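One structure, pasted below without further comment.
The letters A, B, C and D name the chains in turn, as written, and every chain counts its residues from 1.
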Amino acid sequence: MNKLLERLIEKNRYLVQYGQVASYIPKLKSANPEDIGICILDMEGNIYCSGVYNKKFTIQSISKVIALMLALVDNGEEEVFTRVGLESTDEPFNSFYKLDLSLENKPANPMINSGAIVTTSLIRGSYEEKFNKILNTIRKITNNNNIGYNKEVYESEKETGDRNRAIAYLLKNKGLLEGDVEEVLDVYFKQCSIELDLIDLAKIGLFLANGCKTLDGSYQGCNTEIATILIAVMTTCGMYDFSGEFAARVGIPSKSGVSGGILSVVPNKYGIGIYGPALDDHGNSIAGFGILKDLSNELGLNIFKICGRN
Amino acid sequence: MNKLLERLIEKNRYLVQYGQVASYIPKLKSANPEDIGICILDMEGNIYCSGVYNKKFTIQSISKVIALMLALVDNGEEEVFTRVGLESTDEPFNSFYKLDLSLENKPANPMINSGAIVTTSLIRGSYEEKFNKILNTIRKITNNNNIGYNKEVYESEKETGDRNRAIAYLLKNKGLLEGDVEEVLDVYFKQCSIELDLIDLAKIGLFLANGCKTLDGSYQGCNTEIATILIAVMTTCGMYDFSGEFAARVGIPSKSGVSGGILSVVPNKYGIGIYGPALDDHGNSIAGFGILKDLSNELGLNIFKICGRN
Amino acid sequence: MNKLLERLIEKNRYLVQYGQVASYIPKLKSANPEDIGICILDMEGNIYCSGVYNKKFTIQSISKVIALMLALVDNGEEEVFTRVGLESTDEPFNSFYKLDLSLENKPANPMINSGAIVTTSLIRGSYEEKFNKILNTIRKITNNNNIGYNKEVYESEKETGDRNRAIAYLLKNKGLLEGDVEEVLDVYFKQCSIELDLIDLAKIGLFLANGCKTLDGSYQGCNTEIATILIAVMTTCGMYDFSGEFAARVGIPSKSGVSGGILSVVPNKYGIGIYGPALDDHGNSIAGFGILKDLSNELGLNIFKICGRN
Amino acid sequence: MNKLLERLIEKNRYLVQYGQVASYIPKLKSANPEDIGICILDMEGNIYCSGVYNKKFTIQSISKVIALMLALVDNGEEEVFTRVGLESTDEPFNSFYKLDLSLENKPANPMINSGAIVTTSLIRGSYEEKFNKILNTIRKITNNNNIGYNKEVYESEKETGDRNRAIAYLLKNKGLLEGDVEEVLDVYFKQCSIELDLIDLAKIGLFLANGCKTLDGSYQGCNTEIATILIAVMTTCGMYDFSGEFAARVGIPSKSGVSGGILSVVPNKYGIGIYGPALDDHGNSIAGFGILKDLSNELGLNIFKICGRN
């Protein structure tokens, strides 16, 4: 397996030249596009890593999966999906014109910014408690209490977050968001700034692949119904406005972040963490996509693939 | 199994009151909303049917799956997906404003009208040959040469098809559609008017569940890669702007039609045909959705569900 | 003239039943829809008033005309119209989806909220100075130093202003707005809360009808070119998404406010102030429109009307 | 006057380099961008021409003014403006996405393609009669029976008119257009292909400036109310999505065509015809705009300008 991973990294390294590192905040801009890495954990507890896998990076949009899980646990499906939809969209992640047009009366799904701001707001507790719940959940999943958030990134997010503020105030105007907008956004910016490495990320993947339960059973995050929703939402909405093509080409439920991380889940089999900060036009790791496509093909991980009997 | 099917039909029959039969053409308007039926075929060739399963109905949008398969076989993925996307959308099936806005330079996916008109146009051959290819493919899949199209429905579609004409002329204006618009639409209206019963529909489902191959191996429609794409596209885009929620709630790759039919595929296991002409707001059979949700839960068919080991 | 005004008020009073008083803040909601009034000033200094004309009300969007004048004086046309357009729009006044879509790279015009927030921000000076400039300009035009702003309305605007916050943060994100968003909005909410009566409003009209100069020459607000732009913008954009129809039906350059006020200008002839808090669907005084239409017909004030020679 | 016109043509000739001749049909593409001309007619029957003024060109969108007049005469305002609005828009002339979105239930105004197709359809009579009415009206206005339509241009329009077909079929789908789409479009393409020179065009301008009456009283096209509407609509909507800026900068009611013609009306004073086939980004003659701006300034023709008394 390690050889395979190494090979796939090298095979897809050329893609970096066609991508761009995120540039809206200094910390992301300074990332090295050649720092590509991958970690895979299986259900027997084996761990396979290759490339640059122990560098920390911020999870960014990957945090949306955890926030959705907590919002669902705290409020139930009905309450959450009254305020945010379950539909994929062919719009960019930070688009919100449909809410102004009243084409939709709620954000399309919890994986785009508008939807994720709503789910974060729905986590029970004070703003401090909301964030602590997210952080502690990730610590419990990874069994790693050293995980924290990157203050520099958090402050940059806060400073450049005017589009998210616009989204949040429109959500508030439409009755989809309660409480203080700056406080909700503060939690949102902090959760995006949580920092971990690829082993941690693969552990989150395994936790999901195992039905929101750690391998050793020490932490059960949610029931099976919610776990199923998380996997489905990652499949249909996890890769921004490339989710449909990613489903057809790779078929591994995944969620990407603008830092270049991808959280991938092979149900009942693997948790995968990938890193590669050069992004494609949709905001997904360009090398990460290539590696996952090859991995899916070589190991037969595409959930839409017919096994065949001949 | 037959008892289960019977029970699920009766359990979900009450939903009919919350739906509406399609009313834009006389033939669909005259459908009896109580005519609910289901057929399931398994890989051993067993067939289980219940309710009103041997009445013929027109397949409407379900034909988009076959047209996509043929377009892919005739042109290859690259050629097809240059002209139509693979992204789900939270817009209604007959929306096309994004093409006018140049938000997108091609239809979002092949399961909405604009995308399907493109795929139909890409099937090789004269207009007559295009339609015959579609019809003959369905005959081969079902091993049923009695299948034809309903002339009354076809003529109604043609008469009321001005929105589809608008879509097609805009596609032509944007260089996405070649040839004569009325001729392409003629094929499109005819393919929507192909008439079959639930056993036929379940056979199409089984064909897809088996990797685009009939059980007896008499007909192989496409290779595994294309089959995977078909399953993925049905999952992410098959139920109009309810596809994401359907994926999360049911998790069975499906394609619905405005006549009330649903084609469902449980990869490697089942082909399912469902009928129930009362539709929900998205244009999907309202009882069909209820039955499929229950069926998925009771038989554990949701492809996003973690098996669990405890 | 007084008789005419009285007659037109009574003739159009029935329209009140088809309108609605603005209800988003308590003060506006408590307005009496029967409080209809009008004042006309001519170039000889004559003043004709009828109905409820000495009750104070807040000018709301009418302030956008003054803010535009000051922004133009402070920055010149080129600078201002780089950040806000001169085009009318068939969208509601608080719409801003096109900015998210990048259909337009600036607000359509300075009479919709997004455009007005930009012009207010362009007035030179600290936030306090910006507001004082607006208030003092109105005091100079009306020669009335008792004019101030209504604190209750200002605080209500501030409290319910989330949509304007969304607009302002999006403008900031797009580089069209500088400085602190809450501070700019504070000026904007205050200018909307400036309170005056119909004699004051008619004086503003006469000031514009006289080329931005008071009758006695005591105050010249801007040069002829800017005055022409103000009249043109009021004509094409002053009545929200009813501006075009208002131009065709009435033909008097006007700007309305959600409080029910209308500022009207008959170039070289009259300044008109109208009040009637019941609004039509576009947000314009419903009785005010009726009165102005009749007044335009009876006195031949429509600027698009051919005099005829027969 | 002739000297002035000559001077303004030469002064604005440099603008040609910043424009583009329309290229979607061969005839327009072959126009010489240096062929700039102007004709002005006054109420005393004087005629002043300069530059290339006796070359024929097709009127294109300028025909929308005549079609609107005839539709209003045949149906009355209420009937017409139920199907087409009176609002300017910041969208391009051939945009129609709002009709798909149901943001608007009718075209914004009769000067964009969607609105003009509706007004043409509303002219009473068979399709042949509709066109003949338009052509004969222009012949009567200009007292020139040699005016006809250019068959080559008409056939090119027909051939490349797929976007207009899309618009028309959507209008039909929405119940805004009756009859056969191709037949209506045939009239529309023909009316756009009517060919005349600048003296003819200036005569149309004078006819409008005189309240829809020829100078000699031989032909009265409509009553004063309709004439007022025509002038207002030209002012607010006549120059595509540049109408608002044109109103502020020039202030002369005008309607442009993609061939480079501009029909201008100074109420009670002048009829103006301008030609200059190089177009700006909005589709208006780029030199024509410059000339009209200068002419408006030098002769004080801006209808929004305050005369001033000092």
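Brief remarks follow.
As a working rule, a contact is a pair of C-beta atoms (placed from the backbone, for glycine too) under 8 Å apart; a residue touches a chain by one contact, two chains touch by 3 or more.
Just so we're clear, the structure is a prediction, and the values are computed from it rather than from any experiment.
In terms of the distance between Cα centroids, chain D is separated most widely from A.
Across A-D and C-D, it is C-D that has more C-beta pairs touching.
If each chain is reduced to the centroid of its CA atoms, chain A and chain D end up 54 Å from each other. Centroids built from CA atoms put chain D at 31 Å from chain C.
For chain B, residues that reach two or more other chains under the stated contact definition are 98, 101, 103.
Put simply, chain D touches chain C in their complex at residues 81, 85-91, 98, 103-104, 108-109, 209-211, 224, 227-229, 231-233, 235-237, 241-245, 247-248, 251, 253, 267-268, 302-309.
Put simply, chain A touches chain C in their complex at residues 95-98, 100-101, 162-163, 165-170, 172-173, 181. Every residue of chain B that touches chain C in the complex is listed here, in rising order: 101, 103.
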